[in-house]
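Below, chain A partners chain B and then partners chain C, in two separate complexes.
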Partner chain A sequence: MNDRIIFEDVSKFYGEILGVNRVNLSIPPGITSLVGPNGSGKTTLMNLMTGLVKPSRGRIEVLGYPTDDPENLFKFVGYSTQFDAFPKGLTGFQFIYSYLCLSGMPLQDAERTAWQAIERVTMVDAASRKVAAYSKGMRQRIRLAQALAHNPKVLVLDEPLNGLDPLARSEMIALFRASAAQGCYVIISSHILHEVDVISDQVILLSNGYVVAEGQIQTVRSEIQEHPTQILVRCDRPRELAAKLFESEYTIEASIHNDGRGLLLKTRDADRFYLAMNQLALNGIQIESIAPADDDVLSVYEYLIGNEEVVR
Partner chain B sequence: MTRLWWTQVKGVIRLELRKTFFAKRGLWIYAVAALPVLLFIAYAVAMSHEQHRTATIARDSERRLTYQDLLAIKPGMTKQEVTAILGKPPLDFHWTARRATGPGSSEEISREDLQYSDGQNDLYLNLTNGKVEGINIHEGFNLGEDAVMFAGVFQFFFLRLAIFFGCLGIFMNLFRGEVLDRSLHFYFLAPIRREVLMAGKFLAGLLATCTIFVTSEVLQTAAFLWHFNPQARDLYLYHNHGLEHAAVYVGVTFLACIGYGAFFLVAGMLFRNPIIPAAAILIWEGINPFLPALLKQFSVIYYLKSLCPVEIPVSPGTPGLFALLISNADPVSPPVAVLGILVVALLALFVSSIQVRRMEINYTTE
Partner chain C sequence: MAVYRRNYRPYSGTLTPPWSRFLVLFRYSRRNLFRSKIQTGFFVLCFFYPLACLVMIYLAHSASFLAKLGLPSQLISIDNMFFFRYMSVQGALAFLMTAFAGPGLISPDLANGALPLYFCRPFSRAEYVLGKSSVLGILLSQITWVPGVILFTIQASFAGTTWTWDNLWIAGSLVVGSLIWIAILSLLAMALSAWVKWRIVAGASLLALMFFGAGFAQAINAVMHTDSGHFVDVAYLTAAVWIGLFKVDAENSITAFPALIALLVYCSICLWLLMRKVRAYEVIR
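Right, the complex of A and B next:
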């Protein structure tokens, strides 16, 4: 069995409208975030991954299984969609329980498993109420419970933090992390870049149906040559440090930090720049910290995609 | 594997039945199924009222009459001869009128209407100047006529309209309704073969339509028999194939649900607008008598008509086109008819199983 989620030259067209085009991916375990503006193809990619839509071209395999085999695929895949509609008349418990019964689980096991899933998203008190009466955040959580109910190896979550309050967000993020730590594949799409930055092991950046970058965020950042690397240096004498750094050929821009106790530098050769910094530190300037300032998702997103609909 | 599939089918049925039986948009199906029941209840009430009136006339008669007594009256008999046979009439209306005898001339005549009854059948006599001119026997209970009337309602309303549109309402919504409600992904995200899902939904629809329409059929039979007196009921049920006919009607109802259900299931997957397939299938079923023998076999009504136990006679004055619709010129034997419906249904389900595998979740285009 293949241990990756594979997209091979996958394209999806809705009539003449492009969903995604020529996507080649190999997604490893851990938390992978799909990042991109509206219409960039995030949901299409997730729907393709789960067989809800079929590729116009190319091949998709999830841990070795084709996506047109739901009977086997959804034994180890859970998908929390963005579709905010539920089968009519069901309570939160019945929603999960019915899903597990559809899986062919014996009724008693289904009941027990449904309650466990509901507990994981802290919805026990509301489980006997009709889903139609739920708030947006509760509907989001019950969808998450459905996706999690059968302890899937692959968890596909389309905007899973939408509508959740801060406490619920942190609970859910902890849940995703725990799943990833157990070796699960957690695929998340999100607009909220600072959260993506915090939780992701790797990112896939999408724009207009194309994958513009993929991999660990630092790796992606290092491959962006046209934007100099930004480094924030915390020190006691920033002006003196700036003057000294300009003597080297690696610094191309420097600005004093707003609080006067740091320096924001731009360099095209980060490795040599760090070596130079070591020398300066030895020459008596008290350096408190040196940290990259633009190897986060937000910066990478801005460099590669622009400022479209980003929630910082 | 088969055991798993059956468990999954039961899961689908449980979910679907709740929606099918209690969906607001399906309430009209109950109304359509109830219409023939109401019709037969109204008929039974009217017949009971008529029987009560007839019984009152019979009771008020001077003597107890038989049907043969009523038949003994012939035109030209005098009132004295009539009363000699039937006794003093319980209802007697007489008046005078003028009758034209030639251009500008007329004569005064004495008219009289008499009514007798044997308790079930009425005899109406028109007398002019004391002699019988018109005789009209109104049979209060005619098993043959009643059975033909029941068959007419069954074939032309219940089968062709009520079950047809009921199946349209239920089976077309099994997938189409989910797409409109944007909830089909719930099923597509479960580890269940699409064909098993389709089978579960079809069985749920079949269970719902059979429950609704078989119940309606049983209630229609009960309402139809309501106005029969116990002797007539026994005569109809046990000596006139009534019980056998009732069972056949239930069977035909069941087969109609299978046939139309399979047709509308596939139509619900292929078409967005239910009016188009409904009209197409209705026309196809309607023109069945005019189709070549080969094409006739791809119709549900062709087989159902062959299974109906009572043939509706074509009256001499019936227009040709309508007569062709009523008659079953080319019937098939019951086993062939049952097999034919099942084969047609299986063909439709096979197409559905291909279609369901191709279905995608793309609500935005709906």
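Right, the complex of A and C next:
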């Protein structure tokens, strides 16, 4: 069995409307976040991954299984859609239980597994109430429970953090991390970029149906040549440090931090810049810390997609 | 959280056979259906006529009882016409039952956007349609051919082997005639349920389709001086098939075979409409 989720030259068109185009991906275990503006193709990518829509072109395999084989695929894939949709009249428990029965679990196993899933999302007290009476956060959690109830190896979650309060959000993030730590594939889409940044092992940035970047966010950042890397240096003599740094060819812009105890620098060659910094540190300037200031998802998103959005 | 104490292990127990999973939908849909007291009451009402038929069969074989009442022993004849009448009454009740129960099968799932939840399971579109149609299929069977075959068996037990062998084809006609009617009703109801998401409107549409279909057929026949207009009248076509199956002498301008072909075409159209609509995601252009 292949241990990756593979997209090979995948395109999806809804008539004349582009869903995603020429997507090539190889997604390893861990938490992978799909990031992009509305209409960029995140949900289409998730629907393709779960076989709910068929690609117009290309091939998709999830851990070696084609996506048009639901009998095998959904034994190890769990999907929570972004839509706040439930069959009518079911309680939280019945919701999980009935879909486990549809997955092929015998009734007793389904009941036991449903309670386990409900416990994982801390919804035991509300499980016997109708889903229609739940708050938005509770509905989100019960949908997550149905996605992970059968202990899937691949968990595909469309906007899973929407509507959750901070406590529930941190519980869910802990749950994603625990799943990833066990070797599962957790694919999430989110607009909450700082959370994506914190939890993701890697990101896939989408814009207008195209994958614009993929991989670990620091690696992606280092490949964006047109935007110099920003580095925040905390030191005791920022002006002196700035003057010395401009003597090297790697620094192209520097500004004193608001509190006067730091320097925000821009460089086109971060590796050489760090070497230069080592030399300066040896020459007597007290440097407290050096940290990249724009290798997070938000910055990468702005560099790669933000401008495009403005143009649109 | 409890999750920290867990280790990943996929479900490793036995699975139910894939063919049986549509029964999960059947169980839930049927339970929802019988939550309505009106529905339950109507279902019970559907057994009144078979009970009356049972009494008639009993009377037909109780010459002494009829004599006591001063009635001729040949008053009630249990033959193909008797079972054709049974089919006509139960068929009409089956239609009313479908108009009541059918529209609520798919439309709530579509209106609530719940279809992706079904299809992100090892569960196909065909199984979904099968699961939903099995609700109507089994419900309508319970009021059409099942009591019909029971009545036939009782009549056979009274009438003896010779009558049974001579009239065994009637039992076949009961089953085949009912199944054709059930198939067309179920598919029409579900196609309407899928395309008209508002349950009440879907029910009304089914009634309209039957009644306006008959009116429209008459209009075509009158204007164009033809009998082909009946091809748009599903009830007329079914009656034509039943007349052929039960070998009844009745006026009908369409014979059984072309009527059956027309019904099959309608079934195919309904299936096509269903499969167009029953998808994980609806593409709105």
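What we mean here is this: the second predicted complex is superposed on the first by the 306 of 312 C-alpha atoms of A that agree within 3 Å, B and C clash if a C-alpha of one lies under 4 Å from a C-alpha of the other, contacts with A are read in each partner's own complex, and residues count from 1 in each chain.
Just so we're on the same page, a contact is a pair of C-beta atoms (placed from the backbone, for glycine too) under 8 Å apart; a residue touches a chain by one contact, two chains touch by 3 or more.
What you see is a predicted model; the values in this text were computed from it and never measured.
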Does the chain A-based superposition show chain B and chain C clashing or fitting?
clash
Between chain B and chain C, whom does A:Q182 touch in the aligned arrangement: first, second, both, or neither?
second
Touching A:R22, do we find chain B (first), chain C (second), both, or neither?
neither
Partner chain in contact with A:R59 - chain B first, chain C second, else both or neither:
neither
After lining up the shared chain so the two structures overlap, which partner does A:R239 touch, if you call chain B first and chain C second: first, second, both or neither?
neither
Once chain A of both complexes is superposed, is A:D68 in touch with chain B (first), chain C (second), both, or neither?
first
Under the stated touch criterion, which partner chain does A:T50 make contact with: chain B (first), chain C (second), both, or neither?
both
What is the contact status of A:K136 with respect to chain B (first) and chain C (second): first, second, both, or neither?
neither
Once the shared chain is lined up, is A:R272 touching chain B (first), chain C (second), both, or neither of them?
neither
Touching A:E171 in the superposition: chain B (first), chain C (second), both, neither?
second
With both structures placed on chain A, which of the two partners, chain B or chain C, ends up touching more residues of chain A?
C
Doubly contacted chain A residues - partners chain C and chain B
14, 47, 50, 52-53, 70-75, 79, 81, 83, 85-89, 98-99, 101-104, 106, 146, 150
Chain A residues touching chain B in their complex are 14, 47, 50-54, 68, 70-75, 79, 81, 83, 85-89, 98-99, 101-104, 106, 146, 150
Within the complex, which stretch of chain B touches chain A?
4-5, 7-8, 10-12, 14-15, 18-19, 22-23, 181-183, 185-194, 196, 357-358, 360-363, 365
Provide the residue numbers of chain A that touch chain C in the complex, in ascending order.
14-15, 17, 47, 50, 52-53, 70-79, 81, 83, 85-89, 98-99, 101-106, 109, 113, 119-120, 122, 146-147, 150-153, 171, 174-175, 178-179, 182-184
Any idea which chain C residues touch chain A in the complex?
1-4, 6-11, 13-18, 21, 24-25, 28, 32, 108-109, 112-114, 116-124, 280-281, 283, 285
